[in-house]
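What follows is a pair of complexes built around chain A, which joins chain B in one and chain C in the other.
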Partner chain A sequence: MKAAENQKITKRSLCSVSVAAGKVAAITLIANGLLVGAAVAAPPVIELEIRDHLFYPAEFTVPADTKIKLLIHNMDPTPEEFESYELNREKVIPGNRRAVIFIGPLKPGTYPFFGEFYPKTAQGKILVQ
Partner chain B sequence: MLINSVILILQETLEAALLIGVLLAINAQLRCHHRWLWYGLSTGAIIAALFALNMGSVAEWFDYAGQEVMNTVMQSLICLFLAAAVWLVSGLNRFQLGAWQQYGHYFGRLCGLIIMLAVIREGQEIMLYLGGFFSSGKHLQQVTMGSIIGFGIGASSGILLFYGLVGLPATWTKPVSLTLLALFAGTMLSQSALQLTQVDWIEQTAPLWDSSALLAEDSLLGELLYALVGYESKPTAAQVVSYIAGVCLVLIAAFRGSRYKRQHHLKQHHLKQQSGETA
Partner chain C sequence: MRHQISIISALLAGFLLSTVTAADGIVIDKVYHPYVQATEQELEFRAVIQDSQKYFPDDNQLYRFAYGRSLNDRWFAEIYLTGDRNENVGFDLRAVELEMKWQLTEQGEYWADWGMLFEVSKTIDENIYEVAGGVIVEKELGNWSHTANFIVEQEWGTDIIDEIESALNVQSRYRYNTFFEPGIEFFKGQDTFAIGPVIMGDLRWGMRQKLHWETGAIFALDEKSPDLTLKVLFEYEF
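Now for the complex of A and B:
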């Protein structure tokens, strides 16, 4: 009897906590929504390839203050992870698959990136001008 | 290859290990059973394997945003479950637990779900990484050794945190643990904001600050703080807002939870007094 009562209470109170959680989540979504700008023109696409745990091209230049779409083809049968602390990006790309990562708008400078699974060979940098 | 594997596996294990350490510390203080740990770990590992095997197709969902969307869903769920778990145990101590048995049960179930999600998130990447080496057969010995060492350090950190929390003065264990859970919830939402920025679902804005010169994210302390409290050297506004929202959500749950139990306790006390008077 008591256990059943407790169970009922717990269920009711879990409801109230989920309502509160919902409110906070909604606020976050709205806040995030405010940060979402209207997509203007499609950003320029830069294609990269991973072959034998190397990036091709390993170095390329992109314009400053511009959003760029990186399209990375992993030609190796093994997965790789594109990672860059400077760009704050991290994404696994399974073997023989493609991945899309958006970067920028960036300030002028050099932004190194690497493949976390084969960091010795898979290295590159983006020059932003 | 050895050092790379140590670092990679450590990075992936650390976050989950620390989270498990905190949940176990709360559990130990309440003296609840911890079967949920094993359920969470095993189901998490199985689902992670399924994800890793199908990562190729999952990644292509939503126009190549599949990984990010899945991660965001899992991270948001972890945040909500943490809030609910914190609500359940706030204001509860082991002396009352007899009357509040159900709370212990629900807490256990939620912990199981949280751990399952944490293991799926980190496990799938470990499995993809190791799967690549096992299929190619190269560097196998070094990678295996490195992974074992990395996993060992990660697991030890979780155990160390557990004993650190349990070893605190009894009145401190729960507040400190709950604070860590609140920061962890913030980390989850902040990471999901970053994931959505990466696939352009949230607009990239200039970082609010850059503390990479002060404390680099790839330094030892940086990595530890990243796993423990979600340290980012160059966070965007979306990340900071999400982080604060996650922390607040859990803190609100903690206050609401203990207030609810106090009021309910008083009500029961009055009822008992009344029934005593009529008798």
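Now for the complex of A and C:
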């Protein structure tokens, strides 16, 4: 009798542990999915510099349908804002700092960008092929 | 991966909808985006005018005046003065509110962009306090941007019955051009279940001078909700 009860308790305990583990696994899956999602493979990195209110390079090519990580170093002492309506990106980069901007996956085409603080000089475009 | 995202989205949507209950007064408000710009400051004006809601006076109006600034590239703080009026009572300043927005993820890094919102407020003439916290999520799909805010709020004080409320605000907007973006907004909260069209855009001039505007007409989806709510927002960013 006791063995049967113990077995029941053990089964119930295992069941609770299993449910609890299932919940933890589900929460972990959701958390991983929410935070990691499609970013499984590290995206290609392209480095840009802002110097004397100009982007270097001002024009570059990236593959279509690929997420890209832009690493932008602002070498000027003043802040600049990387902006592109076409890319749906806007990011202030303080002077002598760097910033990361993720773009894409993009369809083939030309995507202009500019520096909002110095829009007459700080201009560029990304060619997606 | 698509299957996994669909399951996660469905779970999240189910969780949000199942836990939504309510929020006192005017629920229809701004839909927050999860982004913070370093060194940004803004002056903000918001107005919400609602009509024909059971147990509420007509022409119920809520106004917010705010100053905000980013503390760094992740946190944005804003202080509000809130006032209201209706067909029976003239304009009166009602509350002071402090709000903090926290950008959790870099835009475009993950399948969606995430942020959090925290608010604390105190009414000026009454002993009513509110503290609120919420999640902001935004997903870009082509030229469409879909945003959801899920806010939970606790009210307490000697002039109010203590209660916990929640609200879900959702916006889908089409990025047509920088001057004009049409969209649709949905609100679910206490005595409010409403949907309606919105339009918004940006006007720029000079170095880092931007006026962001939004307006919309939100219509009731049930008998408890106000028949019509008009909303207007102006943000001068500098």
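By definition in this document, the second predicted complex is superposed on the first by the 92 of 129 C-alpha atoms of A that agree within 3 Å, B and C clash if a C-alpha of one lies under 4 Å from a C-alpha of the other, contacts with A are read in each partner's own complex, and residues count from 1 in each chain.
We adopt the following convention: a residue touches a chain if its C-beta (ideal position, glycine included) is under 8 Å from a C-beta of that chain, and two chains touch if they have at least 3 such contacts.
What you see is a predicted model, and the numbers here were worked out from it, not measured in a lab.
Asks: Between chain C and chain B, which one touches more residues of chain A when both complexes sit on the common chain A?
Replies: If we count touched residues of chain A for both partners, the winner is B.
Asks: Determine, under the contact definition given at the top, whether A:Lys91 touches first (chain B), second (chain C), both, or neither.
Replies: both
Asks: Let me test your reading of the model: by the given contact rule, A:Lys120 touches which partner, first (chain B), second (chain C), both or neither?
Replies: After superposing on A, A:Lys120 lies in contact with chain B but is clear of chain C.
Asks: On the A-aligned overlay, A:Pro77 touches which partner chain: chain B = first, chain C = second, or both, or neither?
Replies: first
Asks: Does the superposition put A:Ala41 against chain B (first), chain C (second), both, or neither?
Replies: neither
Asks: Under the contact rule defined above, give the chain A residues that sit at the interface with chain B and also at the interface with chain C.
Replies: 35-37, 39, 67, 79, 81, 85, 88-94, 99-104, 116-118
Asks: Could you please specify the touching residues of chain C with respect to chain A in the complex?
Replies: Listed in rising order, the residues of chain C that touch chain A are 1, 4-5, 7-8, 11-12, 35, 37-40, 73, 105-112, 114, 140, 145, 175, 177-178, 207-208.
Asks: Note which residues of chain A are touching chain C in the complex, please.
Replies: Residues of chain A touching chain C: 29-30, 33-40, 67, 79, 81, 85, 88-94, 99-104, 116-118.
Asks: Report the residues of chain A in contact with chain B in the complex, numbered from low to high.
Replies: The touching residues are 2-3, 6-7, 9-10, 13-14, 16-18, 20-21, 24-25, 27-28, 31-32, 35-37, 39, 43, 67, 69, 77-79, 81, 85, 88-105, 107, 116-120.
Asks: Under the definition above, what is the set of chain B residues touching chain A in their complex?
Replies: Listed in rising order, the residues of chain B that touch chain A are 1, 4, 8, 55-56, 59-60, 63-65, 67-68, 76, 80, 83-84, 87-88, 99-103, 106, 125, 128-129, 131-133, 135-136, 189, 193-194, 196-207, 212, 216-218, 232-234, 237-238, 241-242, 245, 248-249, 252-253, 256-257, 260, 264.
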